[in-house]
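Two complexes are shown next, each including chain A; its partner changes from chain B in the first to chain C in the second.
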Partner chain A sequence: MASFNARITMPAEAKAGEIVEVRVLVRHPMDRGGQVDAEGRVVPRKILNRLTVTYAGEPVFRYDMHTGVSANPFVSFTTRAVETGELTFEWREDGGATFTRTARLVVT
Partner chain B sequence: MSSPISPACAHPEPALSRREVMAIGAAGLALAALPAPARAAAPPALTELIARITEGAVPERGRITFDIPQLVENGNSVDVAIQVESPMTDADHVRWIHIVAEKNPFPDVARFHLSPRSGRADIRATLRLATSQKVAAIAALSGGGYVIADADIVVTLSACIDGG
Partner chain C sequence: MSAAGRALAAALLALASPAFADEIKPGSAFLSPEMQRQQEDQGRNPGYLWVEQGEELFSRRESVSPTCISCHADPGQSLRGAAARYPQVDRASGKLINLEGRIEQCRVERQKQPAFGYESQDLLGLTAYVASLSKSVPLSVSADGAAKPFYEAGKAFYERRQGQLNLACTQCHDDLVGQKLRGDTISHGVGTGYPAYRLEWNGVGSLHRRLRACSLGVRATQFDYGSDDYLALELYLAVRAKGLALEAPGLRR
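After this line comes the complex of A and B, so read on.
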C-alpha cells in the first residue's frame, strides 16, 4: 500500500497514574478473500492481522485481527500514564508488510 | 499467509433479498416464522468454539459487559464495546478478551491482549457479522478463570453479500 493512513487520538499529556484512552482508526480495505472484483478476478485475502502497541518500549496492548474485523478497523483501549515517552503502533499486514506510527505522551 | 476461502462466503446460500423481505413485511407475515435456510456445512456450535478458546474450562457469566446493537442494518461494520470489572493489578487482571461469532466463516473474530498497564479492561472495536447469530465475548482472567457475555444479533444486510 502506497500510503498508510492511520489516525491516532489520545491526549497529548496526562498526570502520572491517570488512565488514558487511545483510539486508533486505520484506512484499510481488510480484504477477507473470495470476493470477485469488477473484472471478475477473485480478490485474495489481505488484512491487517495484528496491531501491537508499545509504550516507552514496553508492550501495553495487542489486537489480533481476523477476517471478522471490519474494513477501516477502529479500536480503542486504555493505558496507564507512567512516564513521558512514545507510544509506538505497529501493524502487520498479510504478506509481511509492516506499518509504524508513533504518538508522544507527556506525563506530568 | 494464505487462507482458505470460506465456502459460506464464496457461494452465499440463497437468502431472501431485501425486496422479498419488504414484501413479506408488507404482507403482514412475521419474519420469525420463516424457516432457517439449510446450511451445507454447519459451523461448529458456539459451545464448542468457547470450549476451544477456554481450553475446556466453563466460563462464568457476570463481571463482563458486552455492548453490541441487537439489530444491525449493515453487517460490514458493527460497533462493539466490552468492559470487564477488574482491578487490573498484577495479581488480578484481564489477560485477553476474545470475540467469537459462531456463524461467521471464520468464527474467531478478534482478540485483545491486555495487561495490568491497561488500567481498565475497556475495549471498543468494529467487526463484521456474516449473518444473524449469537456473538460472544470471552475474557481470560489472570487467576485462570474465564468470564463470558453473549448477545443474539439480527443482521439485515449480511457482510457476506457484496458484489464488489
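After this line comes the complex of A and C, so read on.
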C-alpha cells in the first residue's frame, strides 16, 4: 500500500486578523473493514478517525471521521491569522498510528 | 461563479453540444462544472497525490542504478510534451509501446531493476507524474510509417462489434455521445485524462483499466493490461483525439 501523503494548500503569508482558508487532501484508503479475507478472518476497520490542527500551540480545528468519509478525504476550514507560527496537522489512524505534517504561516 | 452564471454556462453548453457533435471533446467536457473545477485545482484533485508519489520516485537516489533524474534532468522542460507522443513504435523492438511501457522499459533495461508491474501504485505514480509534465500539450501521436498497421488494428477494434451485447465502441462513443448511460454521460472516449482519478475506483488507474471496464460493460473479453489489443486501441484513440490537450491527472466519475 502506498504511503501516507498529504497536500496542504494555504497562503504562506497573511495580514494579522485576516481569515485564511486551509485545505487539506490526504491519501488514505479509509478501509471501513468488515470484509472476510482469504483465511476467513474479518478485516478490521482502518480509517483515519481524527484530524486535529493546532496553530501557534492552540487547537484551531478538529474533525472526527467515520466510515462514511470517502477514501483520500479532503477537508477545508478557515482560521484567523494571529501570529507567525506553525500549523501542525495530526491525523490519528485506527490502531494508534499518527501522521504529522506542519505548515508555516507568516503574519505581517 | 454565481448560480445565474452557472445556469447560463449550462444553457450555453446545452446549445453548443448539437452544433459541435462531430468535434471530439475531452472527457472533462462531460463533467459537471464543479468537477471540472476540482480537476484543475491541484489542492483538490486527488490525482496529484499520485503525481507527488511519482515525482518522489523520479528523483529518488538509488545506489544501484541511474536514477530517472540523472538522465532526464530538469524534467519540467526535457519531458514536457513527451507523454503527448505516446503510444509510439519502439525503434529497437518494432513493438507499439505506451507511456507505461516506456517507463517499464527504462526501469528494466537501463536501471536493471525488476519491473514495477502494470497498474502497480509506483508505476501509476510515475506515469501520472510524467503525463502531468505535458499538461495542456496537444496530443500529437503518429499513425504513419511503422505505426500504420497498429493504427489499422486499433481502428478495426474500435469498429468491431464484440461481447454478448454485440456493441462496437463507435456505436456509443460516436453515435450516442452526450446521452446517458446509467447515471453517466457518454463521452467521446478519449484518453487524454489518463492516468486519471476515478471516483468509482477511489484511486488513480490507467487507461487500460478503464478499457477493461468498458469491455466488461459490453460483456466482451477483457484483455490484459498492456495487451496488444488495448495498445492498438489506445493508439487509435490518441490519433482520433489529435490536437486535444492532455489533462492528466484527470478527474473522472
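Everything that follows uses one rule, which is that the second predicted complex is superposed on the first by the 97 of 108 C-alpha atoms of A that agree within 3 Å, B and C clash if a C-alpha of one lies under 4 Å from a C-alpha of the other, contacts with A are read in each partner's own complex, and residues count from 1 in each chain.
Quick note on the criterion: a contact is a pair of C-beta atoms (placed from the backbone, for glycine too) under 8 Å apart; a residue touches a chain by one contact, two chains touch by 3 or more.
Treat the numbers as computed from the prediction; the structure is a model and nothing was measured.
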Return fit or clash for chain B versus chain C, each positioned on chain A through the superposition.
fit
May I ask you to decide whether A:5 touches chain B, chain C, both, or neither, giving the answer as first, second, both or neither?
second
Would you sort A:68 into first (chain B), second (chain C), both or neither based on which partner it touches?
first
Draw lines from the C-alpha centre of chain A to the C-alpha centres of chain B and chain C: what angle do they form, to the nearest 10°?
80
Between chain B and chain C, whom does A:77 touch in the aligned arrangement: first, second, both, or neither?
first
Which partner chains sit in contact with A:102 here, chain B, chain C, both or neither? Use first/second/both/neither.
neither
Could you tell me if A:36 is touching chain B, chain C, both of them or neither one (first, second, both, neither)?
first
Name the chain, either chain B or chain C, that contacts more residues of chain A.
B
Using only CA atoms and the superposition described at the top, report the least gap between chain B and chain C in Å.
6
Which positions of chain A sit in both the chain B and the chain C interface?
23, 70-72, 74
Name, in rising order, each residue of chain A that touches chain C in their complex.
1-3, 5, 7, 9, 23, 25-27, 29, 70-72, 74
Chain A - residues contacting chain B, complex
19, 21, 23, 32-38, 42, 45, 49, 55, 58-80, 82, 94-95
Using the touch definition from the top, list the residues of chain C that touch chain A in their complex.
42-44, 46, 48-49, 52-53, 121, 125, 202-203
Where on chain B is chain A touching in the complex?
1-3, 5-6, 9-10, 76-79, 99, 101, 104-115, 117-120, 122-129, 162-164
